Amino acid sequence: MDIVFRDVEHRYQVNTPFEKRALYDIHVDIRSGSYVAVIGHTGSGKSTFLQHLNGLLQPTKGTVHLGDYTITAGKKEKQLKPLRKKVGIVFQFPEHQLFEETVEKDICFGPMNFGMKEEDAKARVREWLTLVGLSEDVRHKSPFALSGGQMRRVAIAGVLAMEPEVLVLDEPTAGLDPRGRKEMMEMFASLQQQKRMTIVLVTHSMEEAARYADEIIIMHQGTIVRRGTPEQIFRHVDDLLHLGLDVPETILFQRAIEQKFGVQFDAPCLTMEDIVQSLQMLFARVKRT
Amino acid sequence: MMNSMIIGKYVPGDSLIHRLDPRTKLIMMFIYVFIVFLANNGWTYGLLTCFTCALFVLSRIPITFMLKGLKPILWVIVFTFLLHVLLTKEGHVVFQWFGIEVYDKGIQQGAFISLRFLLLIVVTTLLTLTTTPIEVTDGMESLLSPLKKWNIPVHELALMMSISLRFIPTLMEETEKIMKAQMARGVDFSSGPLSERMKAMTALLVPLFISAFKRAEELAVAMEVRGYRGGNYRTKWRELTWKRADTVFMLLLTLLAIALCLLRS
Amino acid sequence: MEVVVRVEDVSFQYANENIYALQNISFQVYKGEWVTIVGHNGSGKSTLAKLLIGLLPSTSGTIHVCGIPLNEETVWDVRKRLGIVFQNPDNQFVGTTVQDDVAFGLENQGIQKDEMSKRINEALKKVKMEDFIHHEPHRLSGGQKQRVAIASAIALQPNVIILDEATSMLDPSGKKEVLHVMESLRREHHMTVISITHDLNEVAKADRVLVMNKGRIVLEGTPAHIFSYGSKLEQMGLDLPFSLQLSQQLKQKHIPLTMDHLNMEGLVSELWTLYSAMSNTVTK
């Protein structure tokens, strides 16, 4: 499902003294099956942006195309439910949305809202639990008896159970410890591979964006200021620093090396392996000459 | 987003009325509610209206805010007026229309009662527009403090009030977040059969309650480690100070009351 | 050196669980020191914080704060000597405005109005929040709320401040704000700090680090010493600083580094030394 934004604007509380433009001039194309990271400070408009992806918010100007759906400013959209099935959103701290007595019931809640039969949903709970790396033991437990990390996984399973084509993740690793963060990110990467899902990841972490995304969108004060592949984005480190954003440590390190050695690497190093490789090549060249 | 709607009744400002002690404002409002009923003729109603308008002008609140506050009760006032006009059968008939007779006394009665109603609303609205909820709480605590003698936990009640006020915006935001998360899971809060709506409400209320309890627990711990052990021995940061303006306003109100007594027929 | 906190052989077991959440914990914190306690979620580090402020009673062992043994009678006394900042910025903001929040603790201690006003201003200045004195909490960012929480703690003039994962719910800029404030407090006011965290940047700033795993202190030492354990930390679910990981990987690829570097400058300069040496021998 391709996603296309054309000249989208969003204002909160239109025609009141509190009117605020949260989003403007948004032109985006997200190809089906791609992994896009959206980066920006708190208040940059990224959470307003992501709520346009399944019609939780509608533009006050412009058009959003989501597969066969077109949401145009000013037109009242009636049938948003089928759209919401196709675009699953995992909000920040998704464990705060759990409410059923058992993990099983909570996971089935979404699919059943979209018309799946109870027995069909139940039959697939095990599969969904496996997707998020949980064992069948938790199935009949209360979600509130689980650890924080497990609760989050249950909540994510509840969204995956809707079998969306697009998965929107709003800072899915917030508050997790380093191991938890890594496991979570690996899980999404493999989901994208297995299920051929489109992933839109909203994050603060440049490292995560550099490592996992095909494309990075940088938002600042309500609009998109940079777009490109990680290589393209991290070629212009000064731009990022100027916007007050973090830069991955690999890139900072590369800069330090380039300055000290008076050399220029071919491409930005996005992972530690890239750096090791580049340095090996550098040292090998010296040996040869 | 929703914050401004709930707390937004207060209009920040630095007028004479804003700066009055909340106790003064509370007592004045209380007394006003009684003396409004002293008025029963043109003179007394005129005086009362002048006094109320003066208060309003002094508050420097834009008239639009007041009108917005009055809008929802406008029809009540109109209804009261019509009721009196139609049902009062005293004085001279002013006009007749399809067998309905309207008397001059009826019009007068209707106008007076509606005006009385209007004045009451204006004064109470003025209080909320010029006083922050926390000032009202402080004022209440101070005025009710004699009740402590009878073991009524005035301090605790006031603290409860102020903490609730503090958490209203937080919980409103939380409600919005949970609603959105559940809507993304296919919940429809605005339509559908009753049974589905009930389910929708559970999906909102259960997480909301869980979160509220968690917040309450963490807040209690935070208060405890900062040394909170109830109201005894506590000093107060927000001390209310009775200023000259407060005395002046109380005197004016007393004069108004006396004048009303003398002028009423 | 003066001992501010002394924990001796403390164990703790939650009522309905059969494993110990904390086992034979002993450590001391000296005046002016910044001690960081790290461990993954569930390692027992937050339970330890609850014990230190007397929210949970230890099953065995003793805790002394400024020489006072912590028990039911002394708990309020001990709390006067400790300030704590919790994880969730919203759930520890008691007041309706910034100044009311800082005042809350002072009111509890029965401090007079003039003194209160002085302390509120000083404390807010120290965390650089003096311009927000009348702000309501919902108009502040997470980082700002945490700075107010720090101000509320230091206004009570405690001997030690505990940060219980105080930055874990903040965005990167919020984290930075809070860490800057804590550093300036330490530099200018010699504050004693116990910081409980899994944030690497906080670990690197510490004078001393305690690593917790499964309810025990498994490692103790300077950040450099702790990080030298490398893979052992990774097994416990902790992260390693970037330069250290890179040093190790380069060594595996036969780049002859002499040590594992904790900061980038060190690593870059050793690489440069190696590189120049090699190109010199080649040209000769």
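Just so it is clear, A, B and C label the chains in written order, and each chain counts residues from 1 on its own.
Criterion: a contact is a pair of C-beta atoms (placed from the backbone, for glycine too) under 8 Å apart; a residue touches a chain by one contact, two chains touch by 3 or more.
Heads up on the chains, UniProt names are A = Energy-coupling factor transporter ATP-binding protein EcfA2; B = Energy-coupling factor transporter transmembrane protein EcfT; C = Energy-coupling factor transport system ATP-binding protein.
From a predicted model like this one, the values you see are computed outputs, not experimental measurements.
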* Asked: How is the touch graph of the chains shaped: line, ring, star, complete or other?
  -> complete
* **Far-end chain from chain A, centres as C-alpha averages** => B
* Which integer distance in Å separates the CA centroid of chain B from that of chain C? -> 46
* To do: State, to the nearest whole Å, the distance from the C-alpha centre of chain A to the C-alpha centre of chain C.
  => 30
* Would you pull the chain C residues touching chain A in the complex into a rising list? => 40-42, 141-142, 168-169, 171-174, 198, 237-239, 242-243, 245-246, 249-250, 253, 255, 264-265, 267-269, 271-272, 274-275, 278-279, 282
* To do: Spell out the residues on chain A that touch chain B in their complex, using ranges where they run on.
  => 12-13, 18, 51, 54, 56, 81, 84-85, 88-89, 91, 94, 96-99, 109-110, 113-114, 144, 158-159, 162
* Structure fact -> Contacts from chain A onto chain C in the complex sit at residues 41-42, 147-149, 174-180, 204-205, 244, 246, 249-250, 252-253, 256-257, 260-261, 272, 275-276, 279-280, 282-283, 286-287, 289
* Sites on chain C touched by chain B in the complex -> 53, 55, 76, 79-80, 82, 84, 86, 88, 90-97, 99-100, 103-113, 116, 120, 136-138, 152-153, 156
* Okay, in this complex, where on chain B does chain C touch? -> 3, 7, 134, 162-163, 165-166, 169-170, 173, 214-215, 218-219, 221-229, 233-239
